[in-house]
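The same chain A turns up in both complexes below, where it pairs with chain B and then with chain C.
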Partner chain A sequence: MSGGLAARAHPFTAGSVALAMVLLAVMVPAPNGPPLLYAAVCVLAIVTGVGRAVRQAMLLAAPLWLLLFLMHGVLGEGPRIAAPWGGTLSASGMAWAIEQGSRLAAIVTASLGFAAAFDPHRFLQAAIARRWPFAAAFLVVATLDAMRRFGEQATRLREAQRTRGLKVRGSLATRARAIPALVFPLLLASLTEADERALALETRGLTAPGRRTALDPPADGALDQLVRWSVLAAVVLTLWWRVAR
Partner chain B sequence: MSTLSSAALRFRYPAQTHWALEGVTLAMAPGVVTWLTGALGSGTSTLLLAMAGLAPRLTGGERTGSVLFDGRDVATIAPLPNGIAYLGPTPALQLSGIAATVRDEIAIGPMNLGWPVERIRAAADDAMRRLGVEHLADRVPSALSGGELQRVLLAALAATSPSLWLLDEPFSALDTAGRTQVQGWLRDVVADGATVVIACDEADTMAEVADRLVVLHDGRVALDGVPSTLLAGDAILATGAATTEAATLAAAAQIPAPRPLQAAALLACAGLVAPAPTDTVLAAPVARGATLLACRDVHFAYDGGPPVLSGVGLDVRAGEAVGLFGANGAGKSTLLRLAMALDHPTQGHVVVRGLETRGRHPEDLAPAVGFLFQQPERQLFSASVRAECVVGPRLAGWSDARVAEAVAAVLHEVGLDDVADEHPYDLPAPRRKLVALAAVLATDPELLLLDEPTAALDGASRARIAVVVRRRVARGRAVVAITHDAAFAHEALDRALWLREGAIALDGATRSILTAGGHALPATLLAALALGLPPGKDRQAAVADAISRRQPR
Partner chain C sequence: MSPRLFALIPAAVAINLVIGRIVNELSLPVYLDTLGTMLVAVLAGLPGGLLVGTISQLLSGMLSGYQWLAFTPLQWLVALLAVAAARSGGFRGSWRTACWGIGAGLVCGAVSSVISYLLFRGVTAGGVTAVSTLLRSLGAPLSVAVTAASLATDVLDKTAAFLVVGALLRALPRRILGRFPLGAKAVGR
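Our next item is the complex of A and B:
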């Protein structure tokens, strides 16, 4: 979890902004909307202290960008434009690739940014304070926390297998050979962990019916509320503009 | 006053044909600590799960008979809101996962019960004080050591003031101070009228707090009575359950029942005078083998956190068995991780078998170095016990014949022949530890790194591990073991290091480190000192033999 503005904001604010960015990424009109929004999301992530998400999203989206470029830019039809390296590219295909790539990259960046700022404790306290059904709030937390748990499980398993002599570094062939010894146990361990989590939930009262107490609900100041209303307005206005056009 | 009772209780796990519990009828009174024990697989952990209503609700399986708490079937009620606290044998699995700090973790229970904030804060602070974990209040729960976590989980359960406590091996990872603290806390809980049931194989610890002893054998109640009477008798030995170390030694020395339960009584019985306490640290026997592990001015901290190790220096040679002692959180597990190249020092050097670990990885050290994690679940992935043991030798490139021979030998040595084809997760938690150990031993590593190898094991298994260690050492292997088990340390380890605040405070012969480090001395060591037996000739068999020769025939 980061310690920047995104982490200090009310959890619902961070969630609202991330959700709004995802919706806007789908709705903003091409050709300029998607790249501009993607740039805005990147700037927002950096300014609010979750800049790590930008780099992670770039890495995640890189294969997609490449695929879009090959499928639509190189192999696309229609009028051709000169490529910097001497060949030609499809003009409409490149525009489509940039549009779709930007939309997806914005979605991934916004999601990873939210995940980086997400604090299960603060989110749950906020949800309890707002009288959300506890099961729903816990479901959100468990879902968003699943990747972290999965990652921890993978680290433990990797360590244990390496102490037995499993080689996970080196050539591509070596790494490929290690995959079954890591992936299958990881899946099994994750299933076992699910059982064990059930024990924790039951014995710690997390499945018990009834009202919970919000111990230290995060402050929900005027600025948080202004941001949430603003992003809601942005989404509604964009939707109205797209429908009205 | 809350009462717990079971009547004709039978339980079997899914896909199992035999009943793990077979006709258990018991009534647990408030204000009493009931101690459940038995040989591995006797059903004590299963009985606790059934009493908490978690078996079969969460485990699956089939239950007949009844378990009633305050007249209600436990299978139909949620534990915590109904005053039932259950602590499993692996506390790390019971963390809520939603707390940022220990203080928040402890407040989770009362929060889920909807208590007012002021009451929650007061209850959490009180629970932390009673379990002695106030100093951990602002730590991240998942970063605690095993012993710290065990006490934090107890505090988390204590915060809701339950009337029924079901605890599975609550002392397994605790240091001496933690053990004493939890024992004192248990007495307070019982004095407040709670019902306490503890499954535990640590007879010396439990003998000091238990009011009643129930011994299970093959899922049935074999013995039920006053601990001091049962522990001193012959019947408990027949069940395979552990009795106190003094009584075990007395039995080996052929002293007839009723046997002394404590070291002082054993010495008196054998006509021996307790040695005067001494703080002198004696040098460990000199090993002349090659240096297999060397640490030079090793410093370490996790991710910019506070220092965990500060200037550790040590050498471990072939033919040495070294114990790592120290309070919970002293840096013992971290030191072992550095020796396996799972982490690297922030300053200084760790050299294993002549190779600097910096720039190397665990797989570069395996299979010459074997590592047993504190939680065996971390290293069990295969579909059967045998398959688990095969992994290491296969990765080492051994031939099929050599693998088969080595695996058969190690399964026999660790006592797992009878479950070789079972799934590791179908075995009780303590036995999984033996599986993990067997898997490590299968490649016959030159340097064995063991993190709490005897925690939560029964007496027979602890003795077996001591034999395993002695055999390896006799063959010129080296062993480094983290342990809080003084009797095991005395039996298996020649040399001990005491870590304090990330540095080695004491280094010497195990017997003198146990004395100087403030450990309660095991009965075998006390008797050996009283008999004047020198180091190396002070193991249980030799001491028992010396005592038996003093007995009138």
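Our next item is the complex of A and C:
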């Protein structure tokens, strides 16, 4: 988790901004809207201290940009324009590739920025303080914890199986044969663990009725509320503008 | 919601995401990112499967971009088909399981191709889009390329997923399977 403005903000504020960016990325009109929004999301991520999300998002979006260029720019239909390196490109295909590439990159950057700022403990405390259903908040936090544990378990398992001679590189058949050795132990371990965990949750009264008290609820200041109302207004205004046009 | 389901859902979502990552690292033309959804649907019923599928897509979106939320209906469809297979004892043997997997692959591939074509014009995840691009370069129209690529990859993926879940259910100790009546029915015990 980063230590910038996004991480210090109330957990619902970071979530609202990310959600608003995703919705705006779908709504803003082409041709200028998507690239401008992508630039704005990058600047916002850097300013709020989650700048590494910009680089990570570029790495994730790069294969999509390449495929958009090949599928629609090179292989696209309609009138052709000259490519700088010789040959031709589809004019409408390139326009779509830039539009869709910017929309997807803005969404990926907003998503990863939110992930970088997300603190499960603060989220759980905020959800309890707001009287959200405890089951929903618990599931989010327990799932993130399970992902970390299973991720580590998968890495250990993979190394253990490799020392026993398992091949994870080579032909398609060789790699496909590695699946059972990597997947079955993990699946069986997860089911056994879930069985034991169910008993622990029951004895701790997870499903017991009644209100829970947040021990350390994150502060929800005036700036947080202003930001949340502003992004809501931006989304509603953009939607109204797109519908009215 | 029972404590057992509370314990099972996070594990199943983690299975979806972690095994999806392992398979991606092996560079195989399958995803196996619905194993947890299928497992919970078969063991605990449709609502559990739907919940696992939805949470998986939400968390996967947090890690790789929320644009893939558009494919959430596929997780629901997989849960529905897994429950249907379990009710008719579809995980009793490998051949029966493979047939259910092929059927699920055809249905999911058809739905996936519609989402992929209408919302993304065929450019989604690496493997399937590479196949679409190859078909386009051979002269196939975009709609045909996207449909053929989605069907081919989904049939392969869902058949593998059904076979893995079937083998796991048959290998489960009676002590665990006995707590899940639908799971026991799925393998004919």
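Throughout what follows, the second predicted complex is superposed on the first by the 177 of 245 C-alpha atoms of A that agree within 3 Å, B and C clash if a C-alpha of one lies under 4 Å from a C-alpha of the other, contacts with A are read in each partner's own complex, and residues count from 1 in each chain.
One rule holds for everything that comes next: a contact is a pair of C-beta atoms (placed from the backbone, for glycine too) under 8 Å apart; a residue touches a chain by one contact, two chains touch by 3 or more.
Treat the numbers as computed from the prediction; the structure is a model and nothing was measured.
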item: Contacts of A:Ala53 with chain B and chain C, given as first, second, both or neither; value: neither
item: Contacts of A:Cys42 with chain B and chain C, given as first, second, both or neither; value: neither
item: Between chain B and chain C, more extensive residue contact with chain A; value: C
item: First, second, both or neither for A:Val108, with chain B first and chain C second; value: second
item: Which superposed partner A:Gly165 touches (first chain B, second chain C, both, neither); value: first
item: Touching partner for A:Ala135 - first (chain B), second (chain C), both, neither; value: second
item: A:Ala198 touches, of chain B and chain C: first, second, both or neither?; value: both
item: Contacts of A:Leu64 with chain B and chain C, given as first, second, both or neither; value: second
item: Which of chain B and chain C A:Pro120 touches, first, second, both or neither; value: first
item: First, second, both or neither for A:Val22, with chain B first and chain C second; value: second
item: Interface residues of chain A shared between complexes with chain B and chain C; value: 138, 142, 145, 149, 168, 184, 188, 192, 195, 197-199, 202, 206-207
item: Sites on chain B touched by chain A in the complex; value: 52, 54, 57-58, 78-81, 85-88, 90, 93-100, 104, 107-117, 120-121, 156-157, 160, 340, 342, 361-363, 366-367, 369-371, 373, 377-379, 381, 391-392, 395-396, 425, 439, 443
item: Chain B-touching residues of chain A, taken from the complex the two chains share; value: 119-122, 124, 128, 138, 141-142, 145, 149, 156-157, 159-169, 184-185, 188-189, 192, 195-200, 202-215
item: List of chain C residues in touch with chain A within their complex; value: 1-4, 6-15, 17-19, 21-23, 25-29, 32, 35, 39, 51, 55, 59, 61-67, 120-123, 126, 129-130, 132-133, 136-137, 142, 160, 164, 167-168, 171-172, 176, 179
item: Chain C partner contacts - residues on chain A that touch it in the complex; value: 22, 57, 60-61, 63-64, 67-68, 70-72, 75, 96, 100, 103-104, 107-108, 110-112, 114-115, 118, 135, 138-140, 142-147, 149-151, 154, 158, 168, 172, 175-176, 178-180, 182-184, 186-188, 190-195, 197-199, 201-202, 206-207
